[in-house]
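Letters A, B, C and D mark the chains in the order given here, with residues in each chain numbered from 1 onward.
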Amino acid sequence: VSARAPIQTIPSQGEPDVTSLGQRYGAVRRATEALAAPLSAEDCLVQSMPDASPVKWHLAHSSWFFESFVLARVDGYREYHPSYGYLWNSYYESLGARHGRAQRGVLSRPSLEEVRGYRAHVDAAVADALAGRVLDAPALAALELGLNHEQQHQELILTDLKHAFAQNALAPVYRARPAGAAAGMAGAASSPEAAPLRWSRRAEGLASIGHDGRGFSFDNEGPRHRVFLGAFELASRPVTNAEYAAFIEDRGYARPELWLSDGWDAVRAGRWEAPLYWRREADRYETFTLAGTEPVAGAEPVTHVSYFEADAYARWAGARLPTEAEWEVFAADARLGGHFVESGRLHPAPAPRHGAEVVQLFGDVWEWTASPYVAYPGFCPFEGAAGEYNGKFMSGQMVLRGGSCVSPASHLRASYRNFFRPDTRWQFSGIRLARDV
Amino acid sequence: VSARAPIQTIPSQGEPDVTSLGQRYGAVRRATEALAAPLSAEDCLVQSMPDASPVKWHLAHSSWFFESFVLARVDGYREYHPSYGYLWNSYYESLGARHGRAQRGVLSRPSLEEVRGYRAHVDAAVADALAGRVLDAPALAALELGLNHEQQHQELILTDLKHAFAQNALAPVYRARPAGAAAGMAGAASSPEAAPLRWSRRAEGLASIGHDGRGFSFDNEGPRHRVFLGAFELASRPVTNAEYAAFIEDRGYARPELWLSDGWDAVRAGRWEAPLYWRREADRYETFTLAGTEPVAGAEPVTHVSYFEADAYARWAGARLPTEAEWEVFAADARLGGHFVESGRLHPAPAPRHGAEVVQLFGDVWEWTASPYVAYPGFCPFEGAAGEYNGKFMSGQMVLRGGSCVSPASHLRASYRNFFRPDTRWQFSGIRLARDV
Amino acid sequence: VSARAPIQTIPSQGEPDVTSLGQRYGAVRRATEALAAPLSAEDCLVQSMPDASPVKWHLAHSSWFFESFVLARVDGYREYHPSYGYLWNSYYESLGARHGRAQRGVLSRPSLEEVRGYRAHVDAAVADALAGRVLDAPALAALELGLNHEQQHQELILTDLKHAFAQNALAPVYRARPAGAAAGMAGAASSPEAAPLRWSRRAEGLASIGHDGRGFSFDNEGPRHRVFLGAFELASRPVTNAEYAAFIEDRGYARPELWLSDGWDAVRAGRWEAPLYWRREADRYETFTLAGTEPVAGAEPVTHVSYFEADAYARWAGARLPTEAEWEVFAADARLGGHFVESGRLHPAPAPRHGAEVVQLFGDVWEWTASPYVAYPGFCPFEGAAGEYNGKFMSGQMVLRGGSCVSPASHLRASYRNFFRPDTRWQFSGIRLARDV
Amino acid sequence: VSARAPIQTIPSQGEPDVTSLGQRYGAVRRATEALAAPLSAEDCLVQSMPDASPVKWHLAHSSWFFESFVLARVDGYREYHPSYGYLWNSYYESLGARHGRAQRGVLSRPSLEEVRGYRAHVDAAVADALAGRVLDAPALAALELGLNHEQQHQELILTDLKHAFAQNALAPVYRARPAGAAAGMAGAASSPEAAPLRWSRRAEGLASIGHDGRGFSFDNEGPRHRVFLGAFELASRPVTNAEYAAFIEDRGYARPELWLSDGWDAVRAGRWEAPLYWRREADRYETFTLAGTEPVAGAEPVTHVSYFEADAYARWAGARLPTEAEWEVFAADARLGGHFVESGRLHPAPAPRHGAEVVQLFGDVWEWTASPYVAYPGFCPFEGAAGEYNGKFMSGQMVLRGGSCVSPASHLRASYRNFFRPDTRWQFSGIRLARDV
């Protein structure tokens, strides 16, 4: 019915560089497995809520994605297992019936070892297909998509696991903080103060946002298009825990005038009194991290807040959240700085000292924007089943920009659009302020 | 915290024209009462779902609004009844506790007669205040706001009543269709064909949208600001029942690829198979109207569809919904044509024959846009409790534009932003298509 | 499939006394209408929860019962209205589709006046049928059933209305307490003390319970059968408000060890802290009654408690609830004393001074028993659709015995089995203790 | 408040035989572990619904029970782990806060191996305590209770696992049917016909039911007491799959007149069309078993039916379910025959050929009775926290009698009272009919 774009990101002129693609494929797949390496088969099976998935499911689903979108295009390829299409399909209606999302934790079979075997099979088949140069352009484009897809699941492996471990009274440690990384984690009292927040101004005028077509992007990042922006200022760094604690102290969670109506409902229904994972202990807050329970460090960016909390905080602070276009015009010129999953820190770090520039746009915490997640003008979903990847979720969600301490650095870019429902808190989501001039 | 605009729409230079304001006040109040006139006290008590309210509640709440926002500013004014603030407050957190929204149908007391007495009291007090010129500028602005507020409730009286009557196996008639208005209501087979759908183009470029400050507007209509729009085309008239029936025939409600993910969930949860109030009868559809049950007339605009249905229909039709800015640039130049509540028809009418122009932008059916309901750049809510009127609902809702067959004509304008959740169907909501060039 | 008894209560020998039956019919119908007389049409439309029904619905449904079970047996009788079978059928699956229970408050049409017309029509048709002696034995039995059915709805009219009025901040008064009846209603501090609670013993042995077949009974009261009872003691009067307040004071609602598991869940889910309608006011409790809000009087029987509360209170008091058989063996010999609807008090009254005897078994408050509502040995439901009257509800409910201050005296007897779910509180339900010897 | 019995089942005269007790302790604990032996750590973590628990949880909780009720009474015993009281407490309010029931599948930590270590620790500590003769009489009684408790969890391990495996599209096999046991499992068409159903009569009269105090029993089995029973007949064997299939064929699931009102609601809400685990395949039914998917064998007892289905079937068959007293008077004289967990079959087997006697009262399938689960006259719960074991669940549940193919034979006796909510289907619950004479 409506036109669909092929998942076409490889320049059609010239041969694609399959050697490089093969190397990247291997690197991405190994990175996923490295994330699961410290975990037991039991850890990999836990599903703590319908929104989260077991690590094993992520391992299998990301392989299924390559099987369904890449290998299925190879002549003579036979599916690995007759039930795997049912078990590991996430939400692709056009690919048939599937196991219930809320019941993924039930799948003790296939075992983690069998899923690893599945991964090895897919890896071998992809390697063969690359070596044999049997992948046509759409298949190669789907392979590229699959790598980006798998990187998204790398991040989810960590956020979902954190949510699961947080439900456990034993407060398991996924990985101790690397020696260097732990420096900033002292208690709020003793922590180095956060760098002062400054404001960076942009004059009114037209801007172009969206992906420019060089290199991979998701369909939802395009087409690049013009928007008119009024003059505004963007905060130089994210809101810190200390700043957010002042909002709590000022009865932020008890004053309906600061909240959107849906947000106020969420506060009351969920009995929210602080960010997710925070717990009041006598005169201070503790929080659960992938390195276990720690005191909340005042200089670090606040994280695990919902859009509703970000919005209420901004209102309390006499500011607002930036739109995604406002965010992107700053990010387009920014260096991909910040802490990513590669740092091993797995927790947001304080902003570096900085002057007039805007820092930490990437990494550390995703930044809620004021923009609902909808199609860009002229949006054209990927072709075929891949068209369900992004487009059908363009309702009821808000855009987050940047990336987090558990995102792979190579996965991020200025035009990247992440999106979650406004009450979501289990992602590493934080707050950057903007204000009108 | 954040700055609030006073509800200030009356030009500060010169005296406000209190005579004219008083006349309009009387006219609006009488119009509300005229809507309730054909109804029994029982009819006026029914609440058919939490989203809808009893007619009596609308009668009382709109009076409470004047009492709370206008009369409360008058020196020496004493509240009419100590419980009325609790009973008739809708959602103003800053005005204190209130009766539960879903329980409004429980309020047999005060009686309809007592509520009419309350209305009369408020009317007299407002008249006195106007005559005595004791209303300061904010009070006069609030009075203007109250009139627009009451007009919104006029529309809700009819949509809520329609929903209530539709649950009743007796299929009550609110008002028989006026003789002239009934002409177009013959069965789809015999009905005059709809005017052909044409497309009107607008070249890319900057546009200004939002209210220009002349006359009343709600806070959410401003400030006026520039947007950049790509080239696009707008359909010359809304989608008709016959066109929508073709979507149903083509298994529109059974094909997930046409739907947003949330929409598909709504289809299954609600077992939607047609617009609200449609019922399949042998080889045709019937629908419930304020004039009773009637055959669905093919040439009339389809109505009582959700955003999800509008979006799915557009996708099926190879088009899309317009953004609110796209809609407004056409509406800014359009005549306020169409059928409004004053026509007495209370049901959408077929579009008139037309040429190249875009017709029926106002009246007949509200038109879902592709725009989530969020703040305009620089949005400044009304001051005080009135700040809760619009701003706190800027989450999870979609903008509708235009007006409907149950809107008062004088209530509408090109910059008007209506908003409902995307699964809402009990309003007179329809579909206008757009497409990229 | 299973055998059904005809609704056969009239002795087959000899002519039934149709004159007397006609007089009773008139008396019961007039009593229903007298209950509705003080109410407006609006009051009669309110449905405050799915378990409760509008007064108008009770007026119509009880008439529909006569139409469906009696008049439908008369040759040539034509149904009054084609939709009334749908509108007023409560739960009889064998009589076809019906209006949703939770949506009864939506039925503004037919109006209260029309329903009164329906009642008059049914009354005339029944009178004609009786006069014409055209009712066969099953029809006469159904008429008798219909009278008892209507008396049940008389009680429900008052309990449902009380629930509706209690939701209204205006605290409407249904009927002021008659002068004499008000005497005992002074505040707990000043009230006459309750009569001391004594215990009455019964030695172990066989007993016969269930209806003996003389006069009308519901199918669930039979067959009469033998049960073996161990020795036990029954409290001489119901638990009073003062006694129940001591349970509250002793943190009864905060100690899980006193509660059944389901009861404890109900306490937390419903945030129960006192009987329904009680409200803490400074140093005392107030309660809502059909005569408005009043201080809780210590000497009156506690009412509006669930089975869970009755059970927890009994455990706290070192006693237990009686089984229905234990209750019935005492009631079989007792006078039908206590306050019924005819007293006009509409609120339980303190027990009279008494000696060794057991008082107030009937009237004032229904008494929760320890017996789940199940079939007696050899239970045989009424024949036909009337078989759905009682039998299909024999799951998940507890038996209450006696009667209440809003029951018609002529409706009650020792073998009468009332039943409600264990978390039900809107009936006039109270507590009588028993204990093992 | 109310008197509690100590968990006192060991005769106070003379020394308890600790050697024998220690041997039984070891046997029961090993049996539990044998059930888990074929399972992976992943299998042991799955929780498929809130009513079911992970195998690992059962392994840990049953150990916690010994620690809390036995070892805690030993001077100087120190708890194994500070969090285990929180993690493994099931529902004992008096033992403090606990992990949420619906979230047991989240507990990847402690690992299965650590839980096995916990079991070993408890076993050693119990062995020491027995050897050192430091257990007082209440501790010894609690030890006996703990063994019976653990046997209950042995059964739950298998029913919960079956439910989990049934959700898995891979249809995992827990254990292949032993060679001999598989004989009867041929398809319904070819299966040996079931033994003819006969009826056994008992004349009216008094009977004594309840435990007689010799050997262990749960508190809810006593005290032994007299009941009067009318004459009745009991079916000689349970209802078979073939018989139940006839009920389905006769539209049993589509005829509301056969069902209790709550049952009919359950049928519609759950879209029940057959017993749990049955699936229609062309012209026959298949069912999921612990040995994988198999054709439904006509001669086997029907199982995985709710009380509602058992009751509807009985009504359809012109019979009824027996009361628990009726069941017990037959069972008191019956041999403990039938298939238990020890048979390794783990699936109900056809009744043996039989004459006038009543067979298969124990083993194969639990038999729903017509009796709600309430206290026997004079019921006295265990003392202390053990009083929460049974008594607080005496609401909203129905009694099942006998035992099943996954019950340990030594766990069962004629007075044993099992209980579940009437809509429960995941237990091996079946149907035995009774009828009045």
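Going forward, a residue touches a chain if its C-beta (ideal position, glycine included) is under 8 Å from a C-beta of that chain, and two chains touch if they have at least 3 such contacts.
Since the model is a prediction, treat every value here as computed from it, not as a measurement.
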Co-neighbours of subunit B and subunit A - touch as defined | none
Most remote chain relative to subunit C, going by C-alpha centroids?
-> A
Compute the distance, rounded to whole Å, between the mean C-alpha positions of subunit A and subunit C.
-> 59
Centre-to-centre distance between subunit D and subunit C (centres being mean Cα positions), rounded to whole Å | 38
Chain centre separation (subunit A, subunit D; CA means) in Å = 46
In subunit C, what residues contact two or more other chains?
-> none
Using the contact rule from the top, write out all pairs of chains that touch.
-> A-B, A-D, B-C, C-D
Which positions of subunit D touch subunit C when the two form their complex?
-> 1-2, 91, 93-94, 206, 225-230, 232, 256-264, 308, 315-316, 318, 320, 323, 370-372, 374-375, 377-378, 387-388, 392-396, 422, 436
Listed in rising order, the residues of subunit A that touch subunit D in the complex are 40-43, 45-48, 83, 86-87, 99, 103, 105-112, 164-165, 167-170, 172
